[in-house]
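What follows is a group of structures, each given as structure tokens.
Both complexes shown next keep chain A, but they swap its partner, so chain B is in the first and chain C is in the second.
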Partner chain A sequence: MAGQVAIGSRSGLRSALPLLLPAYLWLTVAIFLPLSAMVFFSFMTELPLSGKAWAFTLDNYTAFFSQGLYLTLLLASLRLGLEVTLWCIVIGYPAAYVLAKVLKGRSREAIFLLVILPFWSNGLVRIFSWAMVLREGGILDTALNAVLPFKINIDLMYSYPAVIIGLVHSYVPYMVLTCYLTLQAIDDSLIEAGRSLGASRLQMLKRVIIPLSMPGLVAGAALIFVPVVGSFMEPRILGGRTGTFYGTVIEDQFVAVFNWPLGAALSFILLAVVLAILALAAPVLRRAA
Partner chain B sequence: MAGVQVSNVSRSFGAHKALDDVSIDFADGGFYALLGPSGSGKTTLLRQIAGFDFPDSGRIAIGGESVERVPVEKRRIGMVFQNYALFPNMSVADNVAFGLSVRGEAKAVIAAEVQRALDLVQLGKLGGRRPHQLSGGQRQRVALARAIVTKPRVLLLDEPLGALDKALRVDMQIELKRIQREIGITTIFVTHDQEEALTMSDRIGILRDGRLVQEGPPEEIYDSPKSEFAATFLGDANILRGDSTGNGIRLADGTTIAAGAGVSLAAGTKASCAVRPERIRIATDAGSTVQANGNVLRGQVSKRIFAGNNSTYFVERDGQTLKVIVQNTGIERLAEGQDVMLSWSPESTVLIAAS
Partner chain C sequence: MRMPKLTALLTATAVFTSVFTLAATAAEVHVLNWKGYGADEPWAIAAFEKATGNKVVNDFFNSEQEMLTKLRTNPGLYDVVMINAAFNDQAMAEKLIQPIDTSKLPNYADISPDKAGSPMLDHDGKVYGVPWVWGLTALAINEKSFDKPPTSITEMWNEAHKGRVVIRDDAVEAVQFGAIATGQNINDIKDMEAVKAKLTSLMPQIKTFWSSENDWNQMVASNQIDIGTYWSGSADRAKTHFKLPVSLVIPQEGAVAWLDAFSIPVGSKNVAGAEAFINYMIDPTFYVEWVTKVGAPVSANTKAVEALPEDAFNRKVMGDPDVAKRIQFQAPITDAQREAYLALWQQLKVDVK
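Right, the complex of A and B next:
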């Protein structure tokens, strides 16, 4: 019996191979090869393309530990990732709940479209529109001063809150979508059963709805946290001088300083740290879910 | 424990009248079935009693207290859903404990009550399992234990046996009835299965298009249906249509059918007579005895369906097919195509005014 099953699954794999091959070829060419090259670079003194002499070294990695700045920036980036993820939960989860459980039919489609609209707009356009809104004399400043009887100065541009606002705007759709999917899968009769047993809405949320939608929250958090920790575009444009984060330093190594080996090493340290965090969080999150 | 009074309740969804002036008195401690085809409003009525939805007009009282504007979480009802609606993220014991724990009962009290409820549904040892590890019948029992552990005033069941297979359904019918008797709780039970309604309930209410068609004990509705719909929906019935003769009808070919004494109608109006298939005797034309002033019709067997302990004969007569069910006592078997005589007593005939 067991042998038959094994043969069956092997022949299944063989027939599935033509279907899998394009995806794996593409992944190999587009991700694995460049990534391997980057691993290689991260152990070099100089970029071989520059024509200078080069040698293998661990200096790029030790640089991270010898200079406190990198660690400080990494911690700042991790905090940024955490804050943006939390704001995305605070903003995205209630929206996902309303989409999944309150709205029906046409109004749901319309609101859904508004949520995923940021996906369809260019990232740079999105960030520069925020710049227009947030700067002094910008849209927010002008609008508030037009309404309020007293004069206030709103100049969020080039500040930490501006970076948070821009990043939350870019990433909140991920949270809405992943939570929407798990919330929609919760049978309405579960909520009715809870209410018939005398549970208040808050008790239902705490004991049934949040636990059952935990997979969506976790998936959304992972989808947001990882790219935000390495983000550089939003911090650079909206944060100005306050917008120096781990991601912007890596970008500098590649774009401004042309120290690719250091940039690559810093990237892999970030990757290792993020993977370690996710691995540590996994058992806790699995239990919660 | 308390009775439930539904008085003149109406509820519309847009232009659709889901409930149209329905009044039913559910007696304290009774087992009541709401029976009807899909779209008849039976589930809508149950949801009004539960408090998931509020009526447009009319009054609902539980234990004499008006509740028609009280939300479900404050009504102290127990409800069992068609798909059981067990919380998948909790163990069986935590599911049952839910109603007590949201109320803030002490842990020791909860544990004791949960164990008692699980014992009552004969699942005392499965408290640690997750719902997905249980069979359909066991989930049903957990849902029931969860609904009654809070000592609700009324137990509401929304097609609770619909998802079970036939053999398990019969077991659960007996089980449900036993538990209901043991705790003596007023129970209202929605079903589209007429057999379930007949075997389980003390009283049945038949709904159609949002209106209560007929209401009473199962035997009364079965023996004296007041409409063709009630006659055909609860059990099988042959409907013969004609003109009223007062206490019977005259068919188009002049044959008269006498009905039982219960109903009389003005002569000459359109009326019909209902006869249950098992009340009709079927025999070959020759040599059969006809009871004095019994009803007699002649026809031809068009089809016979053998079902083990009984056979169903379809008899063609004047363009109409009549159904006759005969116990297979092994005495006679009638062939298809044979001319036969059908006879039954006036007492087995119910006169119904044309609707």
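Right, the complex of A and C next:
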């Protein structure tokens, strides 16, 4: 992508400017300025808004290292991000393959619609629907007990699996969409060539399809991993006693104690860690892609 | 990555609210309160608008901190704000609220003297808050799980309720609850280690941390919990309005009491309308209707409480002198204390993961 932009000639850039301007203006106003303000806040002792005297300090950043709980939570959140991403691949990739290579016409449109459907509903509505399904005596519990000959007790609500289920449901469309795009771009003749040369289905998958669709997998994984690490709504509502994560602690600093400086500092530490992980993973992923 | 979004949202909200400020006229009363907390009842607004000709515009907050932020960032927008008495001091110190001329409020004379004279609301002989209602953060039980209601706070630690206990996700409430369970003064906690140990042993009992009335009521409706901390007004509402099997228990060890009061923000454009609205909110007619139709905490107006039927919960139980002896009113909390409480609460929540 970066290469293509650099190749574009000067006159190309000039004619592209009116097209780029709205997006960059919006990004500057809505993302860059508030983000800079947050960087500024993260080095302050008090918010100027509260009318108290303030000074510059590094305390908000050292708080992360002096208290073990932030590190524990950050690791828990990173683990959550990895698990959710993994499940999204397991569930989303085969679905994307079927959409791109097996289904055609009407049925593809119908399945596609079902995949995108979660995007059209409000996030909170989705989570509360899960609450109705997962709780003891809820839809899942009742349905399974009606079908199965023996009695089982399913109470997934307020547990770690409930958080995973809720998050995977919210984010799996990203994986399906990004993988669908790269899988669809694979020339069918490559697959035919491989088959005619005697590759088994597994070999085809390992040697042709996965390598060619790797950019989509990587993009999808990054799109899912980053927001999940900072997620707070799903853990709070579905996680119950176990639903404390790095994101919920940041939310508490902003909402419960009005300690924006500490909240901002914790957010930037998260940003730095996530960027470091992506940077470390970049060479490996680029080679794979 | 969410933070810029949050800030963008705040900026957008600020822009929109300032547009509304320009549109506000003198005949409007802008009220800032919790959602579903009396001041936004449609029948009450209709009655007030009909009687005074003022139009009520409601806005809501989800935490005291949010309320203070809204006052700080929108000077001149609000005419009436509902502030927990423990936060009145801070709001006054930040010059967010102004003194109230109580002679303009005919119902003020009927407010019980101990509430009207509260040092949390009166500063230098000036009244900064008109006591509205008070209530308790006590325990509530799912009636289906008990043959007879428990009397002690230790019921929360009873093994029989493991995984069926809830507590509110609020550091201050949790710590003060721990203080009561360890027999301490909630406003002067001497032995924080004891509180921590007590709460640590409570954690394995917990099903989840509730944050709204709706959470609590849904969990009782689906029979998922036995007992938990709850607000007295909410327990009353759950029983009268939602017909749920909920009853409030005021443990023998005591309970946390809070006092909610109305204030007028600095820069209010309609002080007369604000005074009329506050007077209406403490009026017995409004209160009786609120209790009957919806369920409410206890009015600070003695005449309003007397207007309730003899056996009404808010009159019989909450008015019981025995209860009055057990409860402890919340005093203001410093920012440093609040942060320390939050650190303790977060540590507890991490340890139980």
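Note that in this section the second predicted complex is superposed on the first by the 274 of 289 C-alpha atoms of A that agree within 3 Å, B and C clash if a C-alpha of one lies under 4 Å from a C-alpha of the other, contacts with A are read in each partner's own complex, and residues count from 1 in each chain.
Simple rule for what comes next: a contact is a pair of C-beta atoms (placed from the backbone, for glycine too) under 8 Å apart; a residue touches a chain by one contact, two chains touch by 3 or more.
These numbers come from a predicted model, not from an experiment.
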**Message:** After the alignment on chain A, I want to confirm one thing: do chain B and chain C clash, or do they fit together?
**Reply:** fit
**Request:** May I ask you to decide whether A:192 touches chain B, chain C, both, or neither, giving the answer as first, second, both or neither?
**Result:** first
**Message:** Tell me the contact category for A:77 with respect to chain B and chain C: first, second, both or neither.
**Reply:** neither
**Complete:** With chain A at the vertex, the Cα centres of chain B and chain C span an angle in degrees (to nearest 10) of 150
**Message:** So in the superposed three-chain picture, is A:252 touching just chain B, just chain C, both, or none of them (first/second/both/neither)?
**Reply:** second
**Message:** Output check: A:211 vs chain B and chain C. Expected answer is one of first, second, both, neither. What do you get?
**Reply:** first
**Message:** With both complexes superposed on chain A, which partner does A:203 reach: first (chain B), second (chain C), both or neither?
**Reply:** first
**Asked** For chain A, which side has the bigger count of touched residues, chain B or chain C?
**Response** C
**Message:** Touch test for A:240: chain B only (first), chain C only (second), both, or neither?
**Reply:** second
**Complete:** After fitting on chain A, the minimum C-alpha spacing between chain B and chain C in angstrom comes out at 34
**Item:** chain B and chain C contact sites that coincide on chain A, given as residue numbers
**Value:** none
**Complete:** Per the touch rule, the chain C residues reaching chain A in their complex are 1-4, 6-8, 11, 62-63, 65-66, 68-69, 72-73, 94-95, 169-171, 203, 206-209, 211, 222-224, 335, 338-339, 342-343, 346-347, 349-350, 352-353
**Request:** Name, in rising order, each residue of chain A that touches chain C in their complex.
**Result:** 30-31, 34-35, 37-38, 49-51, 67, 69, 72-73, 76, 135-138, 157-158, 226-227, 230, 232, 236, 240-244, 247, 249-250, 252, 254-259, 263-264, 267, 271
**Message:** List the residues on chain B that touch chain A in their complex, please.
**Reply:** 50, 52, 71-74, 76-79, 81-83, 85-89, 98-99, 102-103, 146-147, 150, 156
**Complete:** As the complex stands, chain A meets chain B at residues 187, 189-190, 192-200, 203, 207-208, 211-212
